[in-house]
Every structure is written in C-alpha cells, then in structure tokens.
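Next up: the structures, one after another.
Two complexes follow with chain A in common, the first pairing it with chain B and the second with chain C.
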Partner chain A sequence: MADTKTPPDTAEDEPGRAADRPSGQSSRPTSRRRTRTRATAGSGRMAALLVSPTLLVLSIVVLYPTVMALKESLYGTKGLDPKTGFIRTSEPFVGLKNYTEVFGAAGDRFWNAFWNTTFFSVVTVGLETVIGVAMALIMHKAFRGRALVRAGILVPWAVPTAISALLWRWIFNSNGIANAVVGRQILWTTEGFHAKVAVIIAEVWKTAPFIGLLVLAGLQVIPEEVYEAARIDGASALRRFWHITLPLVKPALLVAVLFRCLDALRMFDLPYILVGAQKNSVETLSMLAQNEASNVRFGPASAYAVLLFLYVFLIALAFVRLLGADLVGGGAARGSEGRNRRLRITAPRRAEVTA
Partner chain B sequence: MKTRTTRALQCSATLATAGLLLSACGSSGGSGSGEQAGSPSFQGRGPITYVAGKDTSGVVPKVIARWNELHPKEKVTFIQLPTDADSQRQQMIQNAETKSDAYTVLSLDVVWTSEFAAHQWIDRLPEKQFPLRNMLKPVVETAKYRGNLYAAPASSDGGVLYYRTDLLKKAGVGKPPATWSEMTADCAKVKKLPEAKDMSCYAGQFQKYEGLTVNFAEAVNSAGGVVTDANGKPNVDTPEAKKGLDFLAGSVKDGTIPKEAITYQEEDGRQAFQSGKLIFLRNWPYMYSLAQKAEVAGKFAVAPLPGLNGPGSSSLGGHNLALSSFAKNKATALDFMKFFSSKDSASTFLKDASLAPPYTDLYDDPSLVKQYPYLPVLKESILRAVPRPRVVQYGDVTSAIQQETYAALTGNKSSAQALKDLQNDLQKSTAQ
Partner chain C sequence: MTITAKWRSRLLYVGVAAVVAYCLAPFYWMLVSSLRRTSDIFDTSLLPSRPSLENYRAVFDPSQGFTRALLNSLIVAGITTALALLLATFTAYAMARLEFRFKRLILTLIIATSMFPVVSIVVPLLKLFTDIGWINTYQAMIVPSMSFALPLAVWNLTTFFRQMPDELEHAAMIDGCTRGQAFRKIIIPLAAPGIFTTAIITFIAAWNEFLIALSMTNKPAMQTAPVSISKFSGATQFETPFGSQMAAGVLVTVPLVVMVLLFQRRIVAGLTAGAAK
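Moving on, here comes the complex of A and B:
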C-alpha cells in the first residue's frame, strides 16, 4: 500500500520544486534519464546473471532431451539381418518418414490415439470445470463442518493416480460396485465406449477437486462488500453468481482449466492401469509412444512424443493467446482497477504452488 | 511479469512431455561395436549382480546367500525389479541400450530369449556346461535362438485344468475330461445338480493381455494347429487354428465360458473358481496352494488341459538365466548361473516357492509329489507343451494375437476373419 502512495506524493512535490528553482529545470530531467538507463542496463546484466543458472538447468533437463528426441525421431528401426539372425547395429536415417507415415496406412493407430486423447481432454476438463466450480462454491460457504467437507473433497486429489486407477478397476470389476449400482452387468474394462466412460468417471473423480481448490482460492479474495452492494441493489443469487463471482474468479479458473488441459492431454497411467495397455478404445498418445518405445522402435516413439509435445504446446499457446491476456497478468497491469490486478497476479502464483 | 509467466507456461508444456522424450531418447546410443557373436570368452572374476522381478517368496536371497558364503570374493548382489513383466523387460532393455555393466545375470521370461539374443544383449552360452539332457525338452527349447543356447533354464511353468472333484463325482463323472466336448458334456451333467445351477462351465485368462496370447496359443495347439511353424513363420490361417479359436469364441457365445471371463486375468479366474462360480478353470500351478486355503479346499484337483481330439497342449511359462553381453566378471557369472540353475537350487525353489523345476526327475520324487500332488500332471503338461512363438518381435506378435483374438471373443469379428487378419499382421511383424 505504501508503494502505491509514494509516487503521487513525489509527483505532487516535483512541479512545486521545479517552480522554485527554474535553473535546475533543464539539467535535472536529462540526468535522471541517464541514471535510469544506466540502472536498467545494470539491472539487466544482473538479471541475466541471476537467471543464467536456471537457464542452464533448463537447457540440460528440457532442451537437451527435446533436441535428442527430435533427432531420434528422424531415425528408423534397426532391421534384422536374415543371414546372421542378429539385429543390425545401427539405426537407419529415415528423415521425416516417421512423421509422414502418420498420414499413411500405418496411421490408423496414431489417429485413434489422437482422437481418444482429444476426446478425453475435452470431456473430462469440461465436466471437471462444472463440478469443480460447484465444489468450490460449497467449500466457500460458511457452515458447520466446513473443514470436514473441504478435506473430504480433497481426498481424491491426494490419492496417487495409479492407486486410484486400481481402486476404480476394482469398482468397475464385473462383480463390482459399479455394476451393482447400474443394476446390470457391464464389462467396463473390455473394449468399447463403456471403457471410455469408465476412464472419464475415474478421471473426473480424481481431478475435479483440483479445479475446486484453485477456484476456492479465487473465491476467497473476492471481498464481501461487492456481494453486499449487489444484494442491496436487489440482484438475485443467480445474477450475483453470473455477474460477480464468475468474472472475478475467471483468472483463477482459467489457470486451473489450462493446467488440467495439459495434464489430460498427456494422460497415461489411468487408462493404462484401469482398462489396460493396447486397448484401442482408450489408448492415448502417451500410451502409444510408450508402447512403441517398449517394442524397441525408438524412432517412431520419439516422433509420436514430439507430435504430442507440439499438440500440448499449441493448446497452451492458444490458451494464452485467445483467453489468456488476463491470465498472465500483463494485460491487467495496464488496467486501472488495482484490486483486479492483484487478483490476476495472485491467481497464477497460487496455481503454481498447488500444482 | 508477462514474459516470465508465459515462459513458465511454455516450460510446463515442455515438461509435460519431457518424461516421454527422455524415455524415447535413451536409444540414440545404438550398439556400435558388436559383441562377438560366435564364442564369447568368459573371463574375469569378482562381484556380479543378479537381476530379476520382485521376489515375494524370500527364497532367492536365501540361495544367493548360500553362494556368497561359498564365494566370499565373488559376491552376488540381488537387484529386484518391479513385479510386472513389462517393466522388468523395459529396465533390462534400457540397461542393454546404454551398454551398462550394472546387470550381470538376467532372469528372462521364456518368451524374451529370441529378442534379447537377436539384439546381442545376451551372450551365447557353452551348451556342454549345462546339464540340458536332464531337463524337460520343451523347457530347453525356450532357451535357444536359432539352435544356439542363449540362456540356462531356471524354472518352468505349464497350464493345468482345475476341476471340482466333488461336483463331478456327484454328477456321476468318474474322471476329468480329456477333450473339449467331454468337458461341455460333463458341465451339462454337473449343471443339473441343484447346487451347480448358477455356475459357469469353464474359464481361462481372456482379458486383452499376455494371458490371452497364452490361452489362444493353447487352443490352437490343442486343436492340432500352430501359431508359428518350426521355422518361425506364422501359419494361423488354417482349419486347425480355426477349430481352436472357434472353441473359445463359440464357448463365450453359448455361455460355456461366462461373459465376464473376457475381463479375467489369473487372479480373477482364481477368485471365481474359489468362490464356486466355475466348474473348470485353466490356470497355472501357483494357484494350487492358494486354493487349498480357500473354500474349495479338498473339493478340487488338477488334470492336463483338454484338447480337440484328446489331451491338449499348454503354453510354456517360466524363467531362464541369461548373461548380459555388457557385464564384467563373466567367469563368475557363468559359475553362478550353473549354481543357480542346478538341481539343488531347483529343488529349493520348488520346495520354498513352488516354482516348477526344469529337471525331469524332480517331478517323480515321491516326497515332492506328496507335498505337491499336481507335479505329475504338471510334468505331463510341460512335456506336451509348445513354447509361444519364438520370434524377435515378440511384442508385436503378442499384441497382434491379443487384438484379433479379443475381437473374435467379443464377437466383433468371425474367427475366420480374425485369423486371416492375424496371419497378415504376423507376416508383417516377422518379416522385419
């Protein structure tokens, strides 16, 4: 608060002082400009120095593997020498063949995995958003036993995915609870649309609390006065939700949805454990790449991984560009409402912490 | 603020796939200078490692401790990998691809021998130094690639038919069925009993995973067909193979095999049998001692698997010991392999962990048969067993089999079409 007050004070001061001493008027702005540029150059160097270890680590753990994977994706599979019965010792360079084959006859499995991935991401994130917001509203309400409800809602998020997949496999067993509830025998873990449904249910159960948590964080910084004012103006509960809660919680919600999208696009362990490997109905791109790599076809595996990486990257970029001017806080910094700005900046930070 | 957050977001996107990329780029090393394929020299003595899946019985450390006591300067360290076979294979491949000497003696699933040998990840072994003549022939076959020995048989396994003796006796059936039609006929008789009204006849492992490959191969072999012929060429588009697949698909259709059995792995089938839902079950011997402790104790027995016109043939399970090409101290390793696969060790494994031994005469030992009444049946099962396809690209072969068999079992494809497509797929993956 003190920071925001100081600049206006000095600004008020300056014209007065300048008027008192007209002689200084010409020299001062130039000197100030010079010091400012020098300071920026210095702080720029300092910043580069401080950031460089991070960049170094990033380039080792992110850039190097990425480049290596890109390189690997240009190589084919080692062939078998029919005379000796041994696999040849080097991988043939095939250029972009691993990528172009996606559009050929062998691409069926890739596109099946691609659509599964997309389908899962859209449906699960959609459902999670609705349920997550509902959860947040419930958690935000002041009532007795609220702590218990909050803890209860958070339990699924705390369970490791692999464990929750085992848990749900048990539920979706042919004699499991799911069939007892539905009242007829559905073989959930076989091939078919029901396998997709099983994965969606388990995924939404597990991750809706994540969205709930982030939205709750957003809800808690909305001041009560805003609602009071709206109530005095006679706004209905629905109107208050639509015109106050939702816009104010939007930055936090968008961060949550983006994180969930990125997570859902690389979904692996849940369908792998719950339904099984090599099940066409639930095979995602990650599972496909893993399967290729486990069959010692590292070239195609890398190509699929790179394509998945590009897909994830594009979705993230689209988010930031289309919805996210506010999301990253830059747009808001120019805005005038101080409260909003603070909201927008805190939201991503909180997201990073919880993620 | 903006740039920093944007970058953070981009990085999170990058990290999203970094795991995948990392696993994908482990390969770039390739294997440059090949090992000698002909006769590797087994030199060097010193500490080595033994690498196998998680040991739940506690018997492996015991045997290793005995070795370490006898060879204090050539200690063996036991490296335990995860329980499931896929991750074991993956870690061993990763170790080989990076040419690491961390793993010395590998415990390979019998179906991996060809793949590991063809990639020259494991050394060819001197045949004369292992007592192969005292072992069951099909078991020894699993350790060979193109006629050369690449592994030492350590344990075996074969499928057997579990059946309810009490119900069969009540229904007036004297002996277990030897053919599929006898089995369905017996079921019809048993199901007339009031207590068996809600029971299903038969189940195996029909979920879409390795177990399905095992069961499919058994059905085809038991009907006189083959999956791959003696030269490793696929030959499944045959009338015999069709009879085998028809048995499975037809049984699911007419209810002989319950619908939910297409979700069964070993444990699901065991639970169904133990809770009295099945009259017949195909499973491995491991289940015997567990079922003895369950409700059905004393009410069941084992028999060889039935077939089309007589006893059927099982698929082979079990593990072989192989020597990593990139390991050090290979002289020690060879000695350890001989010790670990010796008859003494095999009988310890049988007594303490009920692992089926590769040695023929252990199956006839009266004291062992008393402890494990299924041993004679198991011996018969292994002797009549056919190894699963011994091909380099086993991963592709097994997933093609699972794909087509599952389509036939779920009724999405006719058996004839499934086998035709399977033949095509197998030709492609074995042509490489």
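Moving on, here comes the complex of A and C:
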C-alpha cells in the first residue's frame, strides 16, 4: 500500500535529496532508499533517451536553418562580378550590407512590409480579442446548444487558411456577395486600403472563434460563488464583467493574445492568395522574405527572415514579461497570505488601467 | 436590470444564432457557390437556382491534377503526423512523468519553436534543398513541417499524460513491469484518446500548411491540395474559375469539418489544455 502512495520517483524527488527525506517509511530503510536513488538516476538516463530524438529533429529543422539563415544573410546575390564581368558562381560576402540596406534607398519595400505586418497584427488581434471574448461570454451563458456552438466555432479554425483566402476572394469579388451586401462596387482585392480591410476581415473571421474557445476555457474555471457574492453586494452585470470576469480570465486571454500575435506576425497565406504576391498594400514580412528567396536572392531574403525572427522574439519576450509580472502579483516580497490579499485588491484596478 | 428572465434567454438565443451565423455563413457561401452552374456563378441568391455538380466534375478534370494534389496532401500531412506523434509520445511521456535536469527549459524551448516564423526556416532550407536536389520531393515538405508539427504534438501529449493518474503505472511496475512495459501496456492504451486527439490536431495543422508546400515545389504534380487549388486555371487566362475553386475548397475542408463535428469535445479539450498551461 505504502508503495503506491509514495512512488519511487514522484515529481518532488531529486536524487540528492533522497537521503535527507523525513523517514516516515523506515520499515525497510536501506533497500528502499537504494531503489529510489537508482530509479531516479535511471529516469535521468531514460529521459535523455526519450527526449533526445525530438531535440535532434528540432535542431535539424529549426536550429540548423536559423544558423544557416544568419550566415546566409551576410552574403549578397550572385549577379555580375565587376572584376571579371562574368556571372559569379558563388555569392559574395557582403557583411552586414543586407541589414544596413534596410535603412538605405532599397529599404522602402522592407519598411512597407514591416508596417503592414505590424498593422495587421495589431488590428486583427485587437478585433479578434473583442469578438472572441463576446463569443466566449455567449457560449458560457448558453446552456442549451453549447455543443452546436462549439462545433460551429471550430469550423473556421479547421478551414485551411489558403482555402479561406480563396473563399474570401470569392466573397470580395467585384460581382460577389460582399458588394451585394454593402450595395457598393468596391474592388476589394486590388491595391489600396480596402485590400487591407479585406485581409483583416478574413483573418478575424478565421481566428476570433479560436480566441473565443480559449477564453471560454478560462471562463469555465471561475467559480460561480464569486458572481453570487458580487450579485448580493449589488454589482451590476457590467461591473461584474469588468471587475471579476476580465481579471480572472486575463491569464488565459493573455496567452491566447500572445499566440495570436505571434501567428499574425508571420501572416503569409491569406494576403498572398486573397490579394496576391508583391502587392504593396498587403505585403507582409513573410511574403517579402519568401518572394526574395523564390527569386534566388537568398542573402536579402535571409536578412528579412532574421529580422522577422527578431521581431517575433522581442514581442514574445515583452509578453512573457507581462505574463510574468502578472503571475508574480503585487511584486513586493511579502508573506504569501499578504501577497494574495494584495493581488486580489490590485488585480481589478490593474485591469482598469490596461483595458 | 429590469430585463426579465424570458427576455434574457431570448437575447441569449439571438447571441448564439449570431455566433453560429458568423462562423458558418462564409463556409455556407462556399458550399452554395460550389453547387451553382457556371452560367449563374455570380448569382447572389441564398440557394442555387438550379443546383448542379458541374463544378465538382470540373475539379476532377485530369487537367487540374486535383486527385494527385489530394494524394500529395495526404502523404505529406499523414507522414508528418505519424513521425511527429512517434517522437512526441516518448518526449511527452518524459516531460510528464520523469524528473530530470533542464526539464522546464527543454519544454519551453520546444513550445517556443512552435511560435517560430516558418519563413525563417523556409528560406535557408529552400537554398539547401535546391543544392541537394530535394525540390519537388515529399521529404522537402515533410522535414520543414516537423518544425511546427512536433512541438504541437509534444505539447498536447504532455498535457494528456499529465492528466493520467500516476498510480496506474506504479501499480504495474510493482506487479513486475519495467517502466518500458508499463508505458507500452498501460500508458499507451489509456492515452489512446489523447494520442488520437493530438493526431487530429497535428494532421489538421499539417494539412493546412501552405508556405512550405508552395516554396518547396514548382511541379504541379508535387503540389499539395491548398497550393494546387490556389493555382487552378480557368478556361481563359483572365477568368478565375471560382466555381471549381469553391468545389475543391469544399472537398478539402469537408473531411476536416466532419472530424471537427465528430470529435469536437476532444479537440476543444486538446486545444484549450495546451493553451491554458
């Protein structure tokens, strides 16, 4: 019996600590202790064995290409060699030129793509968050038909982005349903601000339900008592949402928003199919890098890919700081009880500030 | 608040209907458009005036190569999913059950990988695959796809394994099983639903992949379904064959939608469990 309750290597056990554990189960001290030590040492070896294939594959498909991209970004395009007048057989080493040119005359396309990417990310994630939270609230309240709604909400997620881009191109066709609905002739999928709008609408359609799903999961763990107490205290529905729901789903929401942000920053399929390649108004950094690479200008392409990678990394870092700060709570090092109380008081206030 | 309970529930139904309509209306439009005749493809009526399977016949016209594209998609997504699951099962088990150094760091790194911009690995790999003659091969699509499929699978499976009680395998081990045997005989069968869910989620992700498949192929015969459909050509150069694009879109999406409808509870559990951690 005791064996099942204190397994040889529970999560808390560490190899070195095995000896100085409280000797609660000292009926067979030496043998038990030895098995535990051996099992844990063995589990380290076993873990290495189990984890290494994944790490190996990820090193090959992620780490190695990243290092290659860094190296490649220091090389120029083949082109003509000014000394010999022949097309070069290898790419010349140009140092940081691919990066510095971003700030030069050739940087226009890069900065356009950069701002498009940023604009799309901010706007789509913002809209998705609002729509997603609204959807989650509705689904959370709806007792009947919840399964139906949940299944419906998964449909946009399951439609391949490439297909949804085609679908929206059809909807936004000059003779399509979108123009029939708005009653105006708008050439949605040509250059211009309306092309951006088309991309945003299509993207929000596909991913807002996903945020809704994640927020719903967050809502479902909030105990009903909290609301009852607030209701007894006379808090209105809006106040209850603002001061209870929002702060309590904030961790889940932040994770969802982080994911969506990083996903939006690498947007490719949707603008590529919906509007097209090399369209100024919708070209994202991913599209730019892919376009350069497909035209065998690997140097600049790699440089853009590296810059996008850094951008994504910085945003992720900023979010982790934000999430981390939230997890630590009030920040001041106090007793756990005091900190909890402080957290409870400050959380709604902070929500007011950030929202 | 003077809204009565009756009004509140009515309002709720309106809300539910709005959510469902929001999610399904565009998909419905694809379905309806795919059933229209070419001559009235630009109709905006909510039902096709005379439904026809014309577009579906056009999709399977040998000149579009759609059947081949479907097969390519199936091969690429299938092998990617199988490989990712195989590796992820072991890793996730270690992550959920074993205690070892750098565990958190490794898990964080694996998760971080899934947020990596795919184009950052496509550009260098495109050059490498060009050099070694891998362009237009399945492996050129499968290998880069592992970069997102594997982290996704590891993450999902780790949460599933964590939810399973420790006691079962400890009991098995006391009964004389080794850890490996306990894993094979107890954990794998019990985790089957979780593994299955992970397989669906990974497969959908791999099936929907576009950038890698686009970059690594230039022969129509090797393109996956999403790439192939996006390049469908009409009778003339200036005509986009929306009808057959919609029909093909329906064909590519319906299997996923059916899976989603059948396993929605599990898929939601998989998606949210992964994200809530």
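Basically, the second predicted complex is superposed on the first by the 254 of 355 C-alpha atoms of A that agree within 3 Å, B and C clash if a C-alpha of one lies under 4 Å from a C-alpha of the other, contacts with A are read in each partner's own complex, and residues count from 1 in each chain.
Methods note: a contact is a pair of C-beta atoms (placed from the backbone, for glycine too) under 8 Å apart; a residue touches a chain by one contact, two chains touch by 3 or more.
Keep in mind that this is a model prediction, so the values were computed, not measured.
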item	value
Which of chain B and chain C A:Arg266 touches, first, second, both or neither	both
Dominant toucher of chain A (residue count), chain B or chain C	C
Partner chain in contact with A:Pro209 - chain B first, chain C second, else both or neither	second
Touching partner for A:Ala316 - first (chain B), second (chain C), both, neither	both
Touched partner set for A:Ser236, first chain B, second chain C, both or neither	second
Chain B versus chain C as contact partner of A:Ser294, first or second or both or neither	both
First, second, both or neither for A:Leu148, with chain B first and chain C second	second
First, second, both or neither for A:Asn175, with chain B first and chain C second	both
First (chain B), second (chain C), both or neither touched by A:Pro65	both
Partner chain in contact with A:Phe86 - chain B first, chain C second, else both or neither	first
Those residues of chain A which chain B touches in one complex and chain C touches in the other	58, 61-62, 65-66, 68-69, 72, 173, 175, 259, 262-263, 265-266, 286, 289-290, 293-294, 298, 301-302, 305-306, 308-309, 312, 316
In the complex, chain C residues that touch chain A	1, 12, 15-16, 18-20, 22-24, 26-27, 29-30, 33, 42, 44, 87-88, 90-91, 93-95, 98-101, 103, 106, 109-110, 112-113, 115-128, 143-144, 146-147, 150-151, 154, 166-167, 170-171, 173-174, 179, 204, 207-208, 210-211, 214-215, 226-227, 229-230, 240, 242, 245-246, 249, 252-253, 256-257, 259-261, 264-265, 267-268, 271-272, 275-276
In the complex, chain A residues that touch chain C	3-4, 7-11, 13-14, 40, 43-44, 46-48, 50-51, 53-55, 57-58, 60-62, 65-66, 68-69, 72, 131, 135, 138-139, 141-142, 145, 147-171, 173, 175-177, 180, 205, 209-210, 212-214, 216-218, 236-237, 252, 255-256, 259, 262-263, 265-266, 268-269, 272-273, 285-286, 289-290, 292-294, 298, 301-302, 305-306, 308-309, 312, 316
Residues of chain B touching chain A in the complex	1-2, 5-6, 8-18, 20-28, 30-34, 37, 86, 89-90, 93, 115, 118-120, 145-146, 207-209, 259-260, 262-263, 268, 392-393, 395-396, 399, 402-403, 406, 410, 412, 432
Footprint of chain B on chain A - complex, ascending	58, 61-62, 65-66, 68-69, 71-73, 75, 77-80, 84-87, 89-91, 173-175, 185, 187, 189-191, 258-259, 262-263, 265-266, 276-280, 286, 289-291, 293-296, 298, 301-302, 305-306, 308-309, 312-313, 316-317, 320, 328-330, 333, 345, 348, 352
